[in-house]
Amino acid sequence: MSVLVDSKSRVLVQGITGREGAFHTEQMRAHGTNVVAGVSPGKGGQDANGVPIFDTVAEAVTATGADVSGIFVPPPFAADAIMESAACGIALTVCITEGIPVHDMIRARAFVERARTLLLGPNCPGLVTPGQCKVGIIPNHINIPGPVGIVGRSGTLTYEVIQGLGQAGMGQTTSVGIGGDPVLGLTFSDVLALFAADSQTRAVVMIGEIGGADEETGAEFIRSSGFDKPVVAFISGRTAPPGKRMGHAGAIISGNSGTAQSKIDALTAAGADIADTIEEVVRLVGERLGARAL
Amino acid sequence: MKLLEYQAKQQFAAAGIPVPAGRLARTPAEAAAAARVLGRVAVKAQVPIGGRGKAGGIAVVETPDDAEREAARILAMDIRGYPVRSVWCETGLEIDSELYLGITLDRDRRRMAIIFSAAGGMEIEQVAEEAPEKIAKLWPDPFVGPQAFEVREMVFAALRHAPQLRAQVLAVQVASLTQKLYSLAVSLDAMTCEINPLVLTPDGQLIAADGKLEVDENAHYRHRALALELAQDATGDDGRTGDDPFEVEAERRGLTYVHLDGDVGVIGNGAGLVMNTLDLVKQHGGDPADFLDVGGGASAEKVRNSLEMVLLDPRVRGVFINIFGGITRGDEVATGVIAARDQLRITKPLVVRMTGTREEEGRALLEEAGITPAISATEAAQKIVALTRDSA
Amino acid sequence: MSVLVDSKSRVLVQGITGREGAFHTEQMRAHGTNVVAGVSPGKGGQDANGVPIFDTVAEAVTATGADVSGIFVPPPFAADAIMESAACGIALTVCITEGIPVHDMIRARAFVERARTLLLGPNCPGLVTPGQCKVGIIPNHINIPGPVGIVGRSGTLTYEVIQGLGQAGMGQTTSVGIGGDPVLGLTFSDVLALFAADSQTRAVVMIGEIGGADEETGAEFIRSSGFDKPVVAFISGRTAPPGKRMGHAGAIISGNSGTAQSKIDALTAAGADIADTIEEVVRLVGERLGARAL
Amino acid sequence: MKLLEYQAKQQFAAAGIPVPAGRLARTPAEAAAAARVLGRVAVKAQVPIGGRGKAGGIAVVETPDDAEREAARILAMDIRGYPVRSVWCETGLEIDSELYLGITLDRDRRRMAIIFSAAGGMEIEQVAEEAPEKIAKLWPDPFVGPQAFEVREMVFAALRHAPQLRAQVLAVQVASLTQKLYSLAVSLDAMTCEINPLVLTPDGQLIAADGKLEVDENAHYRHRALALELAQDATGDDGRTGDDPFEVEAERRGLTYVHLDGDVGVIGNGAGLVMNTLDLVKQHGGDPADFLDVGGGASAEKVRNSLEMVLLDPRVRGVFINIFGGITRGDEVATGVIAARDQLRITKPLVVRMTGTREEEGRALLEEAGITPAISATEAAQKIVALTRDSA
């Protein structure tokens, strides 16, 4: 099993004719993803390496039954693309685009909520259920199937964990990058809830960073929901100075909130293991899986 | 992008929010002219930080001559590193009470929060600690915006503990003001849009006596005129600048760079990975000099550019380059590092850790060029700290 | 029984300190209505002839459990009052105010829909369940309890029908004035559905006028829902010239739509009796009630 | 309130919607000046109705002299009763295609409808009959407004049957234009806001070549400046007016009055009741002269004022007053009717039917004053028709 996407997912790519969209569509297909359609307004009727292109998401959904969308359009148009996807009933919209204005995202997120669909991102690497379906930009070669669920805010750091676990022989049910923006769709708690319900996921890695309170909310979810799988957590930015935005729009310590320490404390209190390095993440997951196997 | 006081007030005025009469002056003569029109004025330094009053950046003057003299004095100042390039000459207000009205992003609710307080004139964080009962908040639906009734509810709630204020007048006036401020915040892509103090005059008017407006960096492309205007105040012909000169240079080069206090240069791809690299350097006893994220799919040229940028800071004793190869290719990175070293004749130690796509090819290139690659980030951190401590 | 309001209704008056609000509050109470609260921002803590006044609807609801609101505030503030009422969970909001801008009402109506509450009006006379509860401005003395449900767009014409039926000995379950504006809350079909479900209502009078298509939609509802009570319909404006707004903002024939004839045709086809005069309304209702009694 | 062409275009331009270059002229000299600046222009009569072209109200001129002469001619015209008080002098456009974009109230959906058609330049109703496949509509959520993707869906739908148009360019351009037009419609409280034709030029620009803007009467209080400007064109110093002079007078008196063609004056309370009174008069062979609603709770003075108003029309042979007494009291109505008859020395027949509150008192007063009241509306209608036919 897996969460959010699997071999039955029918994937649409919004912005399929752009440089990023075109490249990653091929990467996604190379990982076995069933990319059924692309959208590029005004290019309806053409195709991209055999994938039919439509002018609108509505037409694409009608023609192909797409149920997951990956968005690769530039920031000024990305919120509109998210809303178009949600309005057409796409169950999961994955927005890779970085640099979307916050007010655009506030509206887009409210729109998605109202449409009762799910959004992953924006400014996220997407997600992958190894060997079945990848939506986004997580490098193909690192993903192998296995018992670990991964959820992270940072892209490359998540890749490091995936690769590290893989090199130690531990694959993933699904790896989910929720993104580094202050206003985003699925949060740590949302994805943890999905992993809780997934029988194949036997341990979870949470990769957090400074800024906001989503790690704390995730910890609260672990504590209050009776989450019964081992959680190994890793927080980056422990030495970042307050008030400086560290790359991600959301990675900033404001006043006393959003510090790595507060996140580490909350996760520790919730019973998670805290790792200081990627190597330690791998070691701890191995131990916990081993312990469980006994 | 933080707007200056005068920009914020001009925005308020354009949105129909009353502000005191004022004029901008970039020279002492202009300040004198302003005082001739406005009479008694406060001459206020325009800098993007607080505390200018204590620093001597505000003077109340009675005559045009005084205005000229004080403006000359203030325009020659640097306040906490920020050179004063303009002064705002503004008439005074009669004050009955000082209130607070602000709009800011509430990350946890994924909405803007509107905050009203019956205690204005001080930082809202301070009020939140000392008199939380005087603060009320509202999180309007982003599509609906704040409705008058919601604002009235907020105002009545905050005024319950400030019985001296005329709740009826305020509730109605603040409702209209809040709707204007919210529209302004949305149209300006404001992360923060604050009136503090919001002055209630003895004749029952509400006037924005001071304001703060910060525009979302991701939305700068929608507000070029403001950014241009701001740039006039940020750097003058004399080259004085209040912002970190390295960060200014990085912005010019289109790089995501944060200047820090240490001596170990750090370059990586992905914000989380770079933050983690800083943590590793610290863990092993080093002190990072910067945060530089080359982003996804970086070209050799971008790597070269980044390395050059990091080394502009003379305090840097060596550079740790930490790359996860996904879309970014190891051989590209290696090529960029080698080109930079050769072109820039870099003699300071470089430690490169790379993994992932074309990792082998990259390592081979580096070894061939005499740069030792590291296998793990931990090993690389130890190595760079050792090398930079040696050279100290 | 009755529809929408009865003796258990707890009524709030928004704008209770205004001239209209104050006068009609007393009229409503004189008809036995349980007026539990008034709202007038800034006058919270005072009272109006013993009815406690609050600054906000939220406070009024918390303190008194009000579940129906009558709105008597001037047009520029009326849409806000409607939204305040709906946001506080008032089940039925009755807006008497005339002259609300259309764009205000488009928003207010969407807001009410989203809050899943009901709106009657605006620009309507309100409603009355004789002897139990009146919200609005229908004159007190004409209402007597009985088996007829009345729903009308026009105020005075509805009063004429109520009075005419009363003088002939036929009282009402509930009389509902839906109002004459182009954008309004409850429509003919909504109220017909309520009467259909009300066991005490044995016949229904519909008082329509030119403009819009609500009478046609009402006719379609009668036809398609298997409405099994006799309906007597009366349409005013049969001789009105196209393009002239006849008092009500909604009473205007535009092009070929909104004519009295189209409404009469639709209602006739749905099996309603069409009356040409008030006297005929009374006669037809009498006949139908008599026929049913057999 | 229907705006004139030049007002609509000025509103479009202010909202960022491209319009042809143009200037308003209220005198022939101003038209000449406009032609000097703009070159070849169309001189267009500014009247609030269609069909001005056929009536000779538009002239294309090459020189300032011609502009002056044609403006003088057009400014002296009345078009379907509307005197021309200004002309709009406008440059021509190169036309690739003519489209239609409009926003109007859709009563049945209780929302504004946005309508786009690939066939512009004619009435949208005509397109709807002749080529409905070229029309597509959108009903945006009033809080969300039209989103770009929704507009694209609409445009692609309408263009499916117009393959010669460059759908890609249009979909993106129309999206932005529609969002601007919708914001304008909302901010102006427009019942109708229409660009027709929306011209696509050979170089791919979309330009609003003509427009219609009608503002909600209930919202006039929010748009006083526009109304004031419009009044300048509606009535001049010469007293000429295009509107019905009786309706103008009624508006001045604050009465809800519609002028009709017949000779039986009608006064009642409540729009439905008055409409029904008109129906009754017709049913009995009469011809109503007006619709006058005195509203709820009418005072004696308002009744007097109304009666005076109705009798201003010399065609009126008698008046039927039909009152349901709720808040309106029978004795007040009777007092007003008697006062009006005595003060205005009315000799034309008056028939009063009243019922409800203080019906007895009212009837007694009327009988005492020699005015016979009627019991039922039907009886009253018969009576007034008989009396006015007698006097014919």
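Just so it is clear, A, B, C and D label the chains in written order, and each chain counts residues from 1 on its own.
As a working rule, a contact is a pair of C-beta atoms (placed from the backbone, for glycine too) under 8 Å apart; a residue touches a chain by one contact, two chains touch by 3 or more.
Each chain and its UniProt protein: A, C = Succinate--CoA ligase [ADP-forming] subunit alpha; B, D = Succinate--CoA ligase [ADP-forming] subunit beta.
This one's a predicted model, so the numbers in the text were calculated from it and none came from an experiment.
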Pair joined by more contacting C-beta pairs (A-D or C-D): C-D
Subunit B-subunit C separation of Cα centroids, rounded to whole Å: 56
Distance between the centres, which are taken as Cα means, of subunit D and subunit C, whole angstrom: 28
Rounded Å distance between subunit A and subunit C, as computed from the means of their C-alpha atoms: 52
Touching two or more other chains - residues of subunit C: 111
Touching two or more other chains - residue numbers and ranges from subunit D: 141, 143-144
Chain contact graph, described as a line, ring, star, complete graph or other shape: other
Residues of subunit A defined as touching subunit D within the complex: 41-44, 55-59, 77, 80-81, 83-84, 87, 111
Subunit D partner contacts - residues on subunit C that touch it in the complex: 75-76, 99-104, 106-107, 109-111, 137-139, 141-142, 152-160, 163, 180, 182-184, 207, 209-213, 217, 236-241, 244-251, 255, 276-279
Parts of subunit B lying in touch with subunit C, wherever the complex brings them together: 144, 147-150, 152-153, 156, 167-169, 171-172
Contacting residues of subunit B [partner subunit D, same complex]: 141, 143-144
For the subunit D and subunit C complex, residues of the former touching the latter: 105, 107-108, 110-112, 125, 141-143, 186, 189, 191, 216-219, 221-222, 256, 258, 260, 268-276, 278-280, 282-283, 288, 291, 293, 296, 324-327, 355-357, 376-378
